[in-house]
Every structure is written in structure tokens, then in C-alpha cells.
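Read through the structure below, which is laid out as C-alpha cells, and then see the notes.
First chain written, first letter: the chains are A, B, C, D and E, and each begins at residue 1.
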Amino acid sequence: QGSNPLRIGYSMSLSGGLAPNGRSSLLAHRIWQEDVNARGGILGRPVELVYYDDQSSPANVPGLYTKLLDVDRVDMVTSSYATVMIAPSMPVVMQRNMCYVTLLGAGVNEAFKYDRYFNMNVTGDDIRANYAKGFLDVAARLPTPPRTIAILAVDNEFAQKAAESARYLSKQRGLRIVYDRSYPPTTVDFTPTLRSIQAARPDLIFIGSYPPDSNGILRAASELRITAQMFGGGMIGPQIAAVQAQLGPILNNLVTWDIYSPEPTMDFPGIRAFQEKYRARAVQEQVDVLGNYLQPYAYAQMQVVEQALNRVGKLDQAALAGDMHASIFNTVVGDIRFGAHGEWAEPRNLLVQFQGIRDGDLEKYKKPGAKVILFPESLKSGELRIPYGAPA
Amino acid sequence: MPILAGNSLEIAGLDAGYGAVRVLQGVSLSVPAGQTVVLLGTNGNGKTTLMRSIMGQIRATAGRIRASIEGQERELVGLSPEQVVELGIVLVPEGRRLFPRLSVEQNLRLGAYRATARAALGENLALCYELFPRLAERRAQLVGSMSGGEQQMVALGRALMSAPRILLVDEPSVGLAPILVARTMEMIAEMKARLGLTVLMAEQNFHQAVRIADRGYVIVHGHIEFEGESAAALRDNDLVRQVYLGL
Amino acid sequence: MSGALLRAEGVGKRFGGFTALHAVDLELRAGERLGLIGPNGSGKSTFVNCISGDFAAHDGRVSLDGQALDGLKPHRRARLGLARTFQLPQPFGSLSVLENVRVPVLFAGQAGSATARAMQCLEQVEMAGKAECLPRELTQVELRRLELARAIALDPQLLIADEAMAGLSNTEVDQILALLFRLNAAGTAIIMIEHIMRAVTAFAERLVVFVAGRKIADGVPREVLALREVEDAYLGRQ
Amino acid sequence: MSDASLPLAPAPAMAAGGRRHLPFWLGAVGVAVLVFVALRAIGNDYGYFAGYFILQYVVLATAWNILGGYAGYVNFGAAGFMAAGAYTAIALRKATGLDLLPGIAAAAVVGALLGLGTGYLTLRLRGVYFSIATLCLAVVLQTLVVNWDYVGGSRGAYIVRPREVAPFTSYGEYLFLVMLLLAVLAVGIARTVEVTRLGRGLQAIRDNERAAEAVGVPTLRLKLVATALCGALMAVAGAPLPYYSGYLNPEGAFSLAYAVNAIAMPLIGGAGTWAGPVIGAVLLGSLQQAATVTISSALNLFIVGWMLVIFVAVAPRGILGWFRRRR
Amino acid sequence: MDGDLALLLNGIVSGLLLGGLYAAAAAGLAVSFGMLDIVNIAHPALMVAGGFLVVLVGTALGIDPLLAAVLLAVPFYVLGVAIYTFYHHFFERRGDEALQGLAFFFGVMFIIEVGLVMAFGPEQRFLDPPYAFVTWRIGEIDIPLRMLAPALLAMAAIGALWVFLRRSFTGLAISAVAQDAEALRLMAVDPVRIKRLAFGLSVALAAIAGGALVVVQPVEPSSGQVFIGRVFAVCIMGGMGSLPGCILAAFLFGVVENVTASFYGPSWSPAVAFGWLLLVLAVRPQGLFGKLA
């Protein structure tokens, strides 16, 4: 029995649009696997990861999870990255009453209300009330209080939720929304869109975008010399090393949502060791070289599973779920606790700002100071600089 | 003016066909320099097959095809159509085979693709429009939308553009109005005279063909059944009279 | 009863700036054998296409057996009994000869066994032996026959044969002629477009001549052929 | 440029026995029952999911074949029709609470109407022009869905399906059975088309539309029937999708994979016959499924790509073409 | 200047620049698809592969991406010749190209995409020349060199190709070859050689387009999918095989997209652009500049 491995199964996006995040999370998982096996595994059993490439296609997911559960008979399931991949796995996982720790879903459980669902994401239960809060809170303290805001978001579920939050909170705080549009992921040229935004002369520009578009948007913004007191908000992309390398000074003074920054306020136990191991292998594995984004969360995702299993001491899904609801987990992304719906009990959406960026060199992102945390108060590590568009 | 000497074709014991179907069996004929030779034969007797074998579009299974061009002897069997055309042997194919979505002029220009013809492009184009004034009027029309007769002119013109030494023509009269059949024959004769061509023409229209023919062959079921040394000899032959003159 | 089977009045057709047909009138009695001749490019095929509905004529009206055809699609006209063959044979390349003929029977024929009727049509054109062949295995004559068999299968009142004999030998021309005569004897009116004068004179009871998109003569063949304009434009000096 | 007349395998001359319907239906139902019983005996839900995955492609490929195989009109917009079906099911559920089966019926209607509309809009187009027009249609549809908040817009729609359906061991089994019946129905329809005059007419259109019209084939009507049938079946293939995955977003529903497979599968099996798409879908579908669940890396797609190339290269007339003697 | 007018003018200018990129992407297809009748659905994937290699070569040699693209055009020409040779051997020679060829190129597309993931990883790649950060400003109108330089290169390449096609016999043969390859042999032209050459050229153009793409935006292995619909649409709208038509259609497409984005929001751009194409097709099935034979 001792050498009989404990199998954790999931689907991963190793090809297709989600592959960059998929592959780097996989590397984080493998590092965790090595760490845990070096410690003697879980419940005395070595850990084995069973994963398949879902090709970033949601239609593959239900089949893969059925295979994992019915044929491979894995002991635990976790998820790949992103809502669109997690949601199609839910019916299958729920059917088998498995305890399910997922990675960066957004509001998946609002529909399913599954009590064994646990999500590793900082957004918390109420995305609408929390996601853009940092952006608007920080804006509220600007020397000249902003009166208008423009909102632009890509047509995908996460960015739309981000935009909805910005819309909701803006209205709540009496900001006038002078531009509110979405764009299709196939957009190539953002110049006309940004020019329309510019024409509306907003004080704040909130953008919900995804990696390839974030580049286009920021490039176009710099070409059009767009300035605003604050620009950014919900951009996914500037967190990624390749984007940081390419955009260089264009990122300066950009404020955006984030989940991790190597600031002293986030120096959680184990995170440096993890990132060291990760960075040592990232180039060779052709994944994000910094590991400053979801990679620590992927590691932490497995830590949650590990700690629950160790506490419960047996593969009892109901007991595991109970433990997860009740316990605090000490992970490389800090101590976390899950709320009733499986989201983090206390949301921890960061608002960060790129500061003093003069070039695309990546070394600075390994140290504090390049991407300072403005929000939440508890993790704050620097002061806001305005406006966006000013040289470093 | 081109040298008249030595553009001739000599076919000996030629066998050819399509896969298992043997169409030509031991065909021998000669096209002497500067002459117009007609190949008579009703449908499906192998005229087109012979033309295609000469051009290298069909590989002969036996026999020889020797061309003498400007005093140079060449064996044609085994050559590709491109190589045959490069030698100056040009075919006006059955069904004309024009490029329907190109204009008249583009079709004509393509005719001048072979190296020697390129040099004379301007000259030949002018000659072409002189011979076929209708084409000059319609030089920008897409060939696909032209009537049968007009297309036949383009086909002849295109062959002319290749600056041929030996011209092969496969059933030029098909689908042409009587007046045009006559005119086509005259045009072929005129092209021959102007360019000093040697001509091999497959035809069913005996009366018209024989007007410009110096000699002729009758092909029946892939065999040469009769060889007429002159137009008169053809006219007097029983086989010809039976098949073509309905006597 | 006016007696006219086909009546075309003022049929005109332009291609861009070029007028291929200038207001052509033509009437045809039931069972008549009409020869339509004219130099290449004089608009014969264009006229046929206007009658059959392949082209939308710019001007004019066409009626068959008293029924106006204008605006009807070609297949409707075909079902009303107007059959045509194409100048270049247009077989259904992936269907066997028999299936080629079954298509019109299925869509326009009467009830009964389509296969039997199709075979019957093939027998009429002496193609029964090739029923299982694919069109690419046929010779030119056979393709013409297939073309005719498909037309016959429509039980037409009027058959327009657009150069059904081009490129055929004398004997073959005679065979097709005999076939057309047989059809005609059974009551089908026929318009024959042909450049083979032997066939035209043997077949037509009336001759129409087109030149440059205009009808320049219409009458008894002997008289028409003797006309100066016809000789100049079409026959040439013999 | 290549007009509607695409060179395809010559249709087999229908033998007299080919027209008998009862044996076919009995056979088809027999096979279906056999498959179902076998999977049930294995008693493994994964079998149902893999089966569903393959069967949806059987329906999709069969639908494509009606227009593409018989009539020679290559439809690039399969994903659009499929998504139209899926979103019809979602919209119906949101509006009325009706679930899968009514959703399928509604999808059939919507798909047929959409097909009819496509047919009308593109009736003058032939060859590649038609193909590109269908591609455009899919893009336009996707934009509409993305901007249609009622069905979730770009955020996607959740369908929380019941965990159990009365006599079945699991919802997966139920879905599989539904898709199995749809597949039998689709193949049956395709075969009926093939052996009736509709199929002959479509083949005539494929070979030579002008000549078809001249011999009395109502080409427009036939094409419209074909586009409507094709659209309806494709939509039907998509209708259970939201129930299958519990969540659907436009990107997933309009995935390029559907358009590609809808074309590749009939080609690999042998286009222009009812059995071809079935063979192609089963073969390529199982291959894809097998590659996905056995190879845990991006290599699986790589292999599928190569298999596609190799298949079409070695079996240019489809698998069926191997068995059919060249006449 | 009036705000809306400036917006419109800028929409048009940026649309033209975007059109330059589309033209670069579509020109190769105008040759393979428009003239040779080869439905090369993998063309955008080839373009992206070109983009990756441009990054690789440009970084290694420290040269401008556009220059790297021009250099890469040569090996891409060879690649095109190889692909065509395979295609000819397995499909065209047997007369199976129309549909089977389509499936073949779908396969090629997958292979390229996944091949790129396996070779370079899924991360985006970029290579920014210094001028990519320069924007010219003429009155109210912005002209970013990031968009202008690729557009100019594309125009130059397409112009050269056009002159070649119009002026040379080979060009004439290329436009004839799809219509009747056998007849072409009777003009002393080897149709296979012509097609090989033309397809090689079309793939070489994919390399140039790849360079243009890299300057405009970073590339990812799946970047090509965005372009599939657009480049085919541009080809069709321009009229098959007409290069000037292709360029004009590309410009129109870019302008329609960008003006729509300026005034009605970007989410309607594709629907308007493609819907407009549908309309063009319904009214003028042969495309804007196509001729009917």
C-alpha cells in the first residue's frame, strides 16, 4: 500500500490560447509534486499527477474529467486555469461528489452552488463589489477628484465581469461613464477605439483586456499619447514577463489589477524558494520566466489539497470538503480561508502600479519597487504616481 | 524570310493509345518540308491521338517520330510537350483549349512564351491582328465569352504567336459557319505562306481541306488506309469518295 | 388557336455595351422542323439561351403553346416541354449514362419506372449498351447522343439542338439526323442549329438566318439559301 | 474558381437492393442498440462521453455531407450552425424552462430557417464564394451572440443540468442515448436523400448546375432543401452541447474545430455517400479522443494534424474509395 | 478641426494602415487561392510561422524585423516549393485537389500551430525595431510607424509582384495555369513548374507578412486564426486573382473595421465588415473587381 501513488487528476491547457498560463501552472504543479514527494508524499503515498491537454477547448473538458474519474480513477481532482475550462468540468465533478480545488475561476459556483468547490482566486464571492474597488478607491484619493470614467473590455467572461464591477462601482460613486464599449478578441488595431476614448476625455480609463490585446491597447495608447489620471484597471497581460519585456517604458505609471508582486508586504513563507526553483527551469520549459503571476497560486492550489489531506488523513471527499471550509491554509500566497461558496473568504484584489520603468529589462521585476502595491491598505507598498503617460 | 529548307516530320510505325486501349497501330506518314498534309478520318479513328503523340502529350508505345527543323534532326518520342514546342512544332488543339478568363491579347501573348517567339512578339502580334481584324477589335474581351468562330481565330492566332516551324492543326473547322470554314482554310494557307510553315492538319471536311492540301492520308481505326500524293489523288480514291463524298 | 407552338417577340440581349441580339421575332408551329443558321457569333446560342431561360433576355416575350415563359426558370420551361442540348456536351460527370438520363425522367417525366423510361430513351439514341459507362469514357458522338437522350427524356414539345452534329462524321451525322427525324415524326418540333449545311438542308422545312444578332431571312430553305445576303454573310461563294 | 462541380468519388450506381428502407432502419437501430448495450455493460461513464463526442461529429459530418458531398457546396460555417443550435437550446431554456428535448426540436427549426436564409442569400454563389459566404455568416452570428446578453453574451451561459434523469444511470448516459438516436436519424435522413430523387438532383447540381436546370431539375429548390436540412442537422448536433458541458461561451461554441472536422471527416470517410461521413467521424473522432486522453502534451494535436494529412494523402477518395473499385 | 471629423479622418488613416497589414497577409493568398485555385487555409499559419522565425533571425543577427522578413522570404520560397510538390504529388496529379486539398491544408495548419508551440513555447514573441515607437503627427492625424512601415513594405512587395505578374511571361502563365494546365504545355510552359514557382512566391509573401505582423503586434502560435476569415474575405472581395483588387479590398476592409470601431464601438466591427462582404457577394458574386467569364 505504501508505494501505491496518490493520484491527482486534472486537465491542462497545453496548447491553444490558454497554453501560456496552462503550461506555467503545470510547471508549478510539478515543482510542488517534487517538493511533496521529497517530504515523503501525502499520507505516506507518493503523489502522481495525471493530466491531459484540453487544447484550450471547453468541449474537451467533460470527457477528460470523466476519463480521469472513471477510467484512471484518480484520488483527487483539481482544475486547469480559467473559468471557461473549470465550468464544463463542474457537472462531472459534481456527479461524483468530488472535492474540487480550482485555479483562478471567476464566479463559477454562482451557477452551480456546489459545496465542495474551492477556488484559488483573490476575487472573492462578490466580484462586482470587489474587483474594481482598488482602482476606484485609489482614484477617489486623487488630488483632483475624477468625475468621468471610460470603460473598455474584451468580449470574454472575465473581462466582462471586471467591466461590470467598474461600471457598478462608478455609478455608486457618482462617476459619469463617458465611454463604455467592448471589443472582440479578434481585434487587430486598437487605434480607432482608443481615439474614441480619448475624444470622450475621461479622467479615468478602465480597461479589461487579455494578453495579446493588452499589448495592442498599450501600444496604441502610447502612440496616441493618451493621458489620463489613471489608466489600466483590469488588464491581464502586464503581469506576464514577455509583455513586460516588450512594452518596457510604456508600462510606466500603469495601474492595474494583479494577484502578486514581489513587494516586502507579500513576502510569504516559501514563496521565494518556490520562485527560485521555478525561474531555474522556466527558460528551458519555455514558460513565463518570472513566475510572478498565477504560478504561485498554482503551487498554493496543490498546497491546499496537501494540507487538507494531511489533516483529514484519508481520502474522504466529504471530510476533505469539511476541512477546507473550516481551516486556514498556509500557502506561498499567504494564509487563506474559504467562504461559504468556496471563494476566498476575504478577497485580496491587488491594485499595482508600474513605477520607474525605463526599459524592458526583466531583472527589476524580481525585486521590489517596479510594481508597487497601492491597494489594499494592508499590503500597500508605495504611493500612486500620476498621470499615466508621463515618462519615468 | 525564314528558310524553307528542312522543316519536316517523319512518322514510322507508331503505336499509341490510352492505357489498355490501343488507338494507333503502326502509323507511318511523312510531312515533307513546306507542304500542307491533311489527315482525313472520321470520328474516333485516331487523328487527335496522332497529334497528341507528336506533341508528346501521349507517350508512343512503339515507333519513331522524327522532326527535321532547320536542318537539325530530332527524335520526338520521349520528349515532353514543352520540349516539342520549343523545337518549333506547335499544335492548335482540338476544342481550341483557350484560357477563358484571360483576354484575347493575353491569350495571344502566352502563345509567344517560347524563347524564340518572344523576340518576334511585336511583329507577330501585328501580323495576327492583320490576319484577324476581329481580334484587334476585341483584344480586351475575355475569351470565354466569345463565339465559337471567334475563339477559333484566337486559337490560330495563338499558334502563330509561337512562331512555329511546323504547325499541327486538329479539326479547325468544327463548329464553324461554312463561310468561316473556307476562310479558316485560307488563313491557314496564308499563315503557311507568310511564315513558311510545314502544316499537318487533321480534318473531316474533305472539300475544304483538300483545297489547301498538297498531300493527304486517310486514317481508319488507327491504320493509315490510303496515302494520296496529291489533292487529285485523294479526290479519286474510292475510300475517300465513299466516306466523304457519299458516293 | 393561333397554331404557334413557340412565339418569341422582340427578344433582345446585351452583354455590357455589346448587343448580341436585336429584337428577334420567331414563331414556330407544332411539329415544325426549323433550321437556324448564321455566322459564328451571330447570336444563335444566345437566342437559345434566352428561350430556354438560361439568360434573362433584356427585351421581348417568349411563349410556348400559348403559355408565357417570361420569368420562368429553365427547369420550369423544361417541364413545360422545352428541351435543349448544349453546344458543348454537359454531362453529369459522376453519374453513369443511365443515371444521366434518369435525372430528367425523375424530375420531369411521368409516373412509372424511371429506369425503364430512361433505358427507352437510351435505346432511341442507340446508347443502351453504354448505360453503365461514365461520361468520361464516351466519345464525342456518344456524348452528343447522351445529350439528346437527356433531352428526349423530357418528352419535349420542342427540342432545340445546338450544334448536335459538330465534329461528327458523315455517317454519324446521318445517324443523328435519322434520330431527329424519328423524334419529329412523333410530334416534336425541332430547331436545329448547325453549320453542316448538308444536314441543315436535308432536315429543315424552314430556315432562319441570323447575322450579327438580327434575323435577316426566314423562309423555305432553297429560297433562303439563294439570297444574296445569306451567301455573303454565311455561305461564302462556293 | 473551381465551380460547384468538385470532383468527388463517383456515386455508386444504386443497386436495386439499396432502395429498400426497412432493412436499413432495422440495421441502424440494431447497431445503435448494440452500441448502447455494450457501453452499458462496460458501465463506465467515460464511454458515454467519448461516444457522445464521436456521435456529435457523426451528425455534423452527415449534415455537411448533404450539402457538400451530394451537392458540392462546401460549407465552412458548420460551427455557426452548431452554435446556433446550442444557443437556441440555451435561449429556450432561459425563456421557458424547457430542457433538452424541446431544445433539440427548437434547434432543428432554427437551424433549418438559418439554412434556408443562407441558401437564399448565397444562391447565386458557387464554389469557393459560397464557402467564404458561409464563413462570413458564422462570424456575423458569433458577433450577434457575443452581443446578446440574454444568452450570456461573451460571458457565456451556465446550464445546471439535473444530476439524474429517470431511468438512466447517469445524465451522461441519457445524453449519449439522445445523441445516438440523433445520429441514427441523421444518417437515415442522409441515406433517404441519397436514394431518392432529391439526391440524384443534388448530384446533378454538383456535376453541372446549368445542365441540371436545363433537364428540369429545380436547382434552387433542391439547394434550399439541402441547406435547410444541413442547417437543421448541424443545429441539432449542437443543441445538447450546453447540457453536455454545463457551460457554453461563444468562443467554445464557434470553435474552429467543428468547422474543420465537419469537412475533414466526410472527406476521410468518403464524401457523397451516407456511410462516408459515419466512417470518417468514427475514425477521426476516436483518434482525436484517443490522442487527447492518452498523450498528456501538445503532441496530441500535432499527431491529429499529421493523421489528417496522411489520411487524405493515402485515401484521396476516402476510406470508402479504397473499397469501391474504380469503374 | 471638428472632433468627429478628426475621428473620421483618423479612422480612415488608421484603417488604411491596418489595410496594409491585411493586404500583406492576403496577397500571398491572392496568388495561391486566387490564381492557382489552391485553397491554402494554412496561409495565415504560415504567416505566423514567418513571424516567429523573423523574431528568431532578427534577434540572432540583430537586424530589423522587416529586413529579416525579406531574408526569410527565400527559405520560405523553398518551403512553398516543397509544400506544393507534396500537394501536387498527392492531390493535384490525381485530380483530387478541390476538397482533399482543403483537408490537407487544414492538417498543415494544425501541424504548424502545434509545431510552433512545441518549438517556441506558447508565450508571445516580439521584436520591436526602434521606429516602432515613433509616431508621426500631421495636423490631427497620427501615423504610427509601427503600422506604416509594415504597410509600406507590403505595398512594395505586392507592387513588385504585380509588375512581375503583369510584365513577365511567367506572370501571364501563372494567371493562365489554373484555367487549362494541359493547354499551357502546348505553349512550351511546364505548368507544374509554374505552379511551384507561384506557390513558392505566395509562401514567400507569407514570410513578408509575418515580418509585418511582428512589427505590428507580438505573435503567438495561434495568432493566425484571427486572420483566416479576413484574408479569404479580402481575396474574394477583391476578385479572385486580382492583386490590385486585393489591395483595395484590404484597405476597404481595414477602413470599414476602424471607422465602425470609432463610431459604433469595436464589438460591431467584424459583423459590419463581414456582413458587408456578404452583401458584396450577394450583389456582385464575382467580387468587387472580379470578372465573369
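Here is the rule we go by: a residue touches a chain if its C-beta (ideal position, glycine included) is under 8 Å from a C-beta of that chain, and two chains touch if they have at least 3 such contacts.
This structure is a prediction, so every number in the text was calculated from the model and none was measured.
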item: Touching subunit B and also subunit C, the following chains; value: none
item: Chain of greatest Cα-centre distance to subunit B; value: A
item: Intercentroid distance (Cα basis), subunit E paired with subunit C, Å; value: 47
item: Centre distance in Å when subunit B and subunit D are each reduced to the mean of their C-alpha atoms; value: 52
item: For subunit B paired with subunit E, centre-to-centre distance based on mean C-alpha positions, whole Å; value: 43
item: Distance from subunit C to subunit A - Cα centre to Cα centre, in angstrom; value: 74
item: Multi-chain contact sites of subunit A, meaning residues that touch two or more partners; value: 14-15, 19, 155, 182, 184
item: Junction residues of subunit B, two or more chains touched; value: 145
item: In subunit C, residues with contacts to at least two other chains; value: none
item: Chains that touch, pairwise; value: A-D, A-E, B-C, B-E, C-D, D-E
item: Sites on subunit B touched by subunit C in the complex; value: 42-44, 145-150, 152, 171, 174-183, 204, 243-244, 246
item: Subunit E partner contacts - residues on subunit B that touch it in the complex; value: 55, 57, 80-82, 85-86, 90-91, 93, 97-102, 106, 109-114, 118, 142-145, 158, 162
item: Subunit E residues touching subunit D - in the complex, by the definition given at the top; value: 33-34, 37, 39, 86, 90-91, 94-96, 98-100, 102-104, 106-111, 113-115, 117-118, 178, 225, 228-229, 232-233, 236, 240-241, 267-268, 270-271, 274-275, 277-278, 281-282, 285-287
item: Interfacial residue positions of subunit C with respect to subunit B in the complex; value: 15, 37-42, 45, 87, 139-141, 163, 166-172, 195, 197, 233-236
item: For the subunit E and subunit B complex, residues of the former touching the latter; value: 169, 172-173, 175-176, 179-180, 182-190, 291, 293
